[in-house]
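Each of the next two complexes has subunit A plus one more chain, namely subunit B in the first and subunit C in the second.
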Partner chain A sequence: MPATVEKKVPFKLRPLKYAFVFGLLVLLPLSVVILSWLQVDTELWRHLLEHQLGFLTLQTVSLAVGTLIWTGFLGVSLAALVAFTEFPGRRFLSWALLLPFALPAYVQAFVWVDLLDYSGLVPTFLRQSFGLDLVSWPSVRSLPGAWWALSLSFFIYVYLLTLGAFYSQGRRSLEVARSLGYSPWQGFWRVSLPLAKPWVGAGLLLVLMEVLSDYGTVALLGVDSLTVGIFRVWYGHFSLSTAAQLASLLTLVVFAIVVLESRLRQRQRFYEQKASGLAGSGAQFRSTRGLRLAAMIFSWTVFALAFVLPMGRLLWLGASVQDYHYAWASVFPVLLNTLVLGGLAAVLTALAAFFMVADLRLRGGGLRSSALRLGALGYALPGAVLAVGVFTPLVLLDKQIHSLLSGWFEGGGGLLLTGTLWAMLLGYFIRFLAIPLLSLGSASQNLPGRMDEAARSLGEAEGGLVRRLYWPLLKKGLLISLPLVVVDVMKEMPMTLMMRPTGWDTLSVRIFQLTSEGLWAEAAWPAVILSLSAVVPIYFFLRPLTRVGLRYG
Partner chain B sequence: MLDYLHMSSWTFFRAVLGSFGLWLLLGGAVRAEAPAASEVKSLVIYSSQKEHILRELVESFSQETGVQIRLVYDQAGPLLTKLRAEGASSPADVLLAVDVGNLWLATQMDLLRPIQSEDLTSAIPNVLRDSQGRWFGLSQRARTIVYNPDQVAAEDLGSYADLAGAQWKGRLCLRTSGHVYNQSLVAVLLESLGEDKTLEVLRGWVRNLAAPVFANDTQLIRAVHSGQCHVGITNSYYLARILSDQPDIRVQLHWPERVHVNVFGGGVTRSSSQPDLGQQFLEWLVSESGQKLIAQANYEFPVREGIEPSQIVKSWGVFQPMEVHLSVAGERQSEAVRLMDRARYR
Partner chain C sequence: MAKGASGQASALHVQELRHCYKAEGHGKTVPVLKGVDLELFPGELGCLLGPSGCGKTTLLRSIAGFEQPDAGTIHVGGRAVFVGDQTGGHGRPELTLEPELRRVGMVFQDYALFPHLNIQDNITFGLRSLSPSQRQQKVKELAEALRLSPDLWQRFPHELSGGQQQRVALARALAPGPQLLLLDEPFSNLDPRLRAEMRGELKDMLKAWAVTALFVTHDQEEAFELSDKLGLMQDGKILQWGLPEELYRQPKALEVAQFFGEGFVLDAQVEASNGPTQSYQLCTEFGYVPHRPSEESRDLKVFVRPENWRWSETEFVGGVKVEILDRRFRGAFERLYFLSPQSQRLMYLDSPKGSAQKRIYLGLSEEWINIF
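Let's look at the complex of A and B:
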């Protein structure tokens, strides 16, 4: 690139070239996990290899594959229906389909066990009313049960990112495909879906990371994934280091998948650029009556199964509780705190991801692209392992500061960093940076590099590129990540427990404490409140997105 | 309105960031103020027992003594890691845990200090506390056998090991072996039966399973009630909780000849700058009033003699605990988990 362009960089954008540091923050917990290899318990490893790992790996792979197929199917089909067809309730569902996301996945799983397990509502009803004893019914506490429950919780990632892709294509691509003689169906398969591939891929990656790091849901459904194995080693054999070693292997696999996925995408670039050349303006696309009916039934069914039914069951359970004290105690300040912290985490991760992506486009290079991929790994570690990984170095630093300060004045003022909201925010940042990184990464992938060249040749400096080219074009990718991060923070538990200031409380912590004692009825209210309050960020952040889609599409 | 995309985006994000930042700073300031403003003595408790169970206990201690209590809840594994990482700078004065394995682990990590207290040693039986005074059992939790009276005659039931017998094929329900209660149970069985016999028992249990292992005791009790399984192993207080809600549930409790007992217990941390206050809290918990509250709070069995348990618990009569020292549950836990792995007890 010509040196003259470099000189035009306005001073205040200089820091941008260090944006990759955000991605390297994840090295903090990763280094803890990797350092665990300094001490290897060979005897325990031999035992694990012989009796555990084979089975755990098999279960994990089946769990991941099944869930990815289901979430892919649900997410893409719902996004397509919402984006391309018209049916009663479409506008409402376009954002309401995100609501199930606010229900912690293990609560979703509980509801299905509560309904369908042998001692659950439906089989009990059948037994008592019709004498139907369904002993041989397949148990919901099984792999297929886990696919079902996890998919209903996590299809949102695929749905939202794919919807974002469809909106940014606009309806025109479909219409053009039609003008070229394709049926709407063919147009969807040959034009819209291929264009959305990077987004679908990013959504599936997020689902994969969620599934691999999930503990509560799979434990409830009796699936022994690697994460269950990790906790078995940590809590059962009291070996945090071996648990961390297992976690590092898991992370390595995820890293490999992240790299592989972006390689695959790069190979497809040419095709996508050609395809985006198809976009033009055209006439309105109309859906047939049959399609409309099918779309309506399908979308509303998913919404009912994933949200209305679990919420109904929780409300019903909650209604039977007499002592609301713990559930309600200062629930609104707690909620407000969580929302604000979630909003802050969302904005910070989104901005950091934007700068990282912009920086990579401007300067390129191995360091920057690896930072982008590394940055996503915080999401793949089991929550409690990540929490320990963030906390340990932080407290070490804290102790250093403490001993430094106590040299200056007596007492030294205790630990300054740990137990503050700032430390908690750092934890959230490391955990959730993956969401905007992946969604922005796919948005950026669809912008041909020629665009940057053209802008530069027209005399745009770096600052101009970032403000007048990247920002408007990547804005939608950013918007998509915001509600996801807010709601994820609201649901987050292990990091919150580890990093929170004394007395800080969140709804998800309450839900967990009650449910882990089997007090589901008592936990129902906090769960309902958590889900309903998620309406605020979802509505607030997603409305503009859908409007952008229609306006600029 | 929601039309913020039309505002200059930079202005918008600057405004949002600014207001969030202000809020955080205020929050930070409030937090920094709080402890300094109060001259009251305060005690920081790290606890893996849930807040809603401890709440009443802690409140009445505060009322009686004027000591302010700050509870920090986390799961035992992360909590101990946190305590160790904080080291001498930890704010924690007292550690409470719901399984002896975790208390034992805390002593292995040298997180608890030995304390000498006549009140504690006289109230708590030997096997329920550390020989060096680093942890003390505060209430007993019995892990026992439950059965559906429609399908099982009480006299057919025996010990935990008997559940491995062929007559229970397709009738037994178990909670996952990933949970510490079962790991402790198997550890003490290992101590009394030896490795070969224990492995045999575990294999028998697995052969007899009527359903995939359950994630928690409550689910298991419901499965016994529904007839899916005829017999299962659970902590007694889970049954008591359900009975207090649904007295007519078809589940009854059986005491094996020797019952495995675990504890909810605690100790004073090495890091505490006010160990006397921590000790005072523990002593209060085993005092008569403390023990009564504990007995009511979660349907557990008091460690102090002569304290009435709650009504439901009393109806089950008395049991004979195993005479194994509880720290065995911690010492042999890893071994126990290995045996369960070998028996394919998931």
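Let's look at the complex of A and C:
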């Protein structure tokens, strides 16, 4: 019976059948870092174990713990203030607190170095105006400095998720607690906060993931985390395999986090309740003047420190450049590179994701849905791991091609793949496929399956389903993913730094190079362009998430 | 200070309650409560019936203390819990008790159980002052009354069925012994069969524990079955508050009459009847009805339900002849369709015994109509 049906179908999308392969690409870097253990450079490892690894681990752990404490504190307290109290500017800050997201951590870090280093703005000002020369001025280039910079850029993960939890669960349960005789303060501690735990935890895990994969900030601030170790082994000892082995350790930790995170998400599902009826109007704490004042000062201070001050300083630095033409001329080609790369990555990932999702709908099956889930994992891979994982096989392949070609003619054509645009695009593709995949995947899940059956019973074949149903219905999710990918490519740093072909600097790489030489003013232009373009998706895609609870407020 | 309580102290007394919502962004205000009055006596079940958006949930939330009304007073158990600004401006209220001090329990529409606590901890959540053994005792008591078997106590809310969740929500609200229990659309999340079952159980339970309760619903059947006192709420006002049968039989407003079941509105004019004594009657297209006018020569409306026509197959005094256009068997009654003689509207009457005649005679009976 199925055989005859198959014959009748006029047009079958055969190529689509293999779309799931895109999702399996993530296995390439993964298997590379795992297989790297087949060949261990004992000499180098002895050196690493004796002199480096202990310290790297210690620094990474302290970096992570400190940042988690800070982001947890900032994220939860801000979310609580916005959700439960009333203070001047609450409405604005509820979404404006997401703006620091626009500043990549390494930009945040360099602005603070510029402001607080011994020769920086603030100490110089103190010296000149008050004769205050703090010899023991705490250096920003330190572990606490890294906590500061990373926390100011990443607390938003905790804030956003916790705020959502407070809006959807916390307010309501606070009402119940109050009708059972609890004061708002008691109710917050006994109910709203414990209820928000899965969300706070998920936010903290995302922060941890970012901290572990960060390279720019720690490199600039002189903190030796594991990513710095990977770079050092690669560039210092030229041992790609040892770098890959270090990367595999990092990957292990990251995947443990991914597993934990998905566990928490399952917990969230039990905690979620239909928020029917009014979600509680306005603030739940009848704010006293003291609370109102404290909430206002605290929230506005964090906002100022995390966004206004660094952004203002960047703009100031940018404006103080002597020669605008020169500054523009030097940043323009880099911007163009970035946009070309970002655009290519966005279009490629979007198309691949569309085909994968369409294929999954048409044929279903465990293989395809696991490929989809695998593909989304690429986002969790730290840039340094990806770079190592993509670079290594390409080098091997290049060597093969080279020896093959050398047999035919002199020179053998050099390295064809390594250090080309294609290698880098492959890296971007693996990393950012998750973005369109998630947006299309959830859009597709919301379409009823019966719809496909209806179309088939009306005589449409696979091609028709894709063309007349999936494309028009999923187009929007696809378009939304484009700017998100572009901005993420713009902000991506370690992988681009390691893999870019000559002449293909992106904004982020340029910022990193300039800042590592202490050229703050020159770094300001690319940093401003980068940050301002990152504001756009924040405003359009993240802001609505904070408005949900405000509709009744 | 229970003002206006008549003899017996009321368990809940709401007077002239007004509330506006401040619309988002632009400073417009939308009135949701436009002067609401209601009174419940100890042990009574009150029900607010009305379409969604009529303000009934806001009223409930104001009583619980989650909304702060602009004006009016609320007394619970003779104690003032809210006294609005008396000066008339939009100032601060003279008195408003925090929700946790009102001793008003609430069962939410979606139950709002605490997902991170097991059933036992959910129920004992409001019993902080009791010792563990006293709490245990209370859980036992409530669980027995609500038929929550002990093997459920250690489970978590998401492991329970909808009906069980509702029992837990009820137990949790009753545990601290509130002076008043509020229920927001308590059965809307249950399937119809379970709804009827829970309804009876809830009523028995509340009566057995002598709980004063106010609940809101948009389901008429539910309202009639559960309530001692019923209020029909529309557009921020309670149109009528009283016994359920009063609302049905003696509606004070046409809207009330029309809300409870179908019926026809007839135009009527007041006429003085020619007789020895000065009397008046109403003239409609279905004849005359005696009337004691409060104001003379006013155009009135007469409301008649399809089962309340006075009719006969033979002619009678004051009866109007109509042709039966169609008849439909409806099980408990037969529905006869006809055109009204003057306005030519399609009307019908419902009769248990029906009629096979082509023509019948119709009139209005004084005791079965409502005049507005």
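Basically, the second predicted complex is superposed on the first by the 291 of 553 C-alpha atoms of A that agree within 3 Å, B and C clash if a C-alpha of one lies under 4 Å from a C-alpha of the other, contacts with A are read in each partner's own complex, and residues count from 1 in each chain.
We take it that contacts are C-beta pairs under 8 Å (C-beta built on N, C-alpha and C of every residue); 3 or more make two chains touch, one makes a residue touch a chain.
Source: prediction; values computed, not measured.
K.L.:
Quick check for you: in the superposed arrangement, does A:A294 touch first (subunit B), second (subunit C), both or neither?
P.N.:
So A:A294 meets neither subunit B nor subunit C here.
K.L.:
Thinking of the overlay built on chain A, is A:P194 touched by subunit B (first), by subunit C (second), by both, or by neither?
P.N.:
In the superposition, A:P194 contacts subunit C only.
K.L.:
Taking the superposition on A as described, I'd like to know which of subunit B and subunit C A:A387 touches: first, second, both or neither.
P.N.:
Only subunit B is touched by A:A387; subunit C is not.
K.L.:
Looking at A:P544 after the superposition, I want to know if it touches subunit B, subunit C, both of them or none. Which is it: first, second, both, neither?
P.N.:
The first partner, subunit B, only.
K.L.:
First (subunit B), second (subunit C), both or neither: which does A:Y235 touch?
P.N.:
After superposing on A, A:Y235 lies in contact with subunit B but is clear of subunit C.
K.L.:
Which partner, once the models are overlaid, touches more of subunit A's residues, subunit C or subunit B?
P.N.:
Counted on subunit A, the partner with more touching residues turns out to be B.
K.L.:
Taking the stated contact definition, name every residue in subunit A that is touched by subunit B in one complex and by subunit C in the other, in rising order.
P.N.:
In subunit A, no position sits in both the subunit B and subunit C interfaces.
K.L.:
Which residues, counting only subunit B, touch subunit A once they are in their complex?
P.N.:
Residue positions touching the partner: 2-5, 9-10, 13, 16-17, 20, 23-24, 27-28, 31, 44, 50-53, 55, 70, 72-78, 81-82, 85-87, 89, 91, 101, 105, 108, 176, 178, 180, 183, 211-219, 222-223, 225-226, 228, 238, 241, 333-334, 337-338, 341-342, 346.
K.L.:
Using the touch rule from the top, collect the residues of subunit C that touch subunit A in their complex.
P.N.:
21, 24, 57-58, 61, 64-67, 98-106, 108-116, 125-126, 128, 156, 158, 172-173, 175-176, 184-185
K.L.:
For subunit A, which residues count as touching subunit C in their complex?
P.N.:
Its residues touching subunit C are 169, 172-173, 175-184, 187, 190-191, 194-195, 197, 270-271, 273-278, 280-281, 286, 550-551.
K.L.:
What residues on subunit A touch subunit B, complex-wise?
P.N.:
44, 47, 51-52, 113, 117-119, 123-124, 127, 135, 139, 141-142, 219-222, 224, 228, 231-232, 234-240, 326, 337, 340, 343-344, 347, 351, 384, 387-388, 391-392, 395-396, 398-399, 402, 414-415, 418-422, 425, 467, 471, 475, 494, 497-498, 501-503, 509, 513-514, 516-519, 522, 540, 543-544, 547-548
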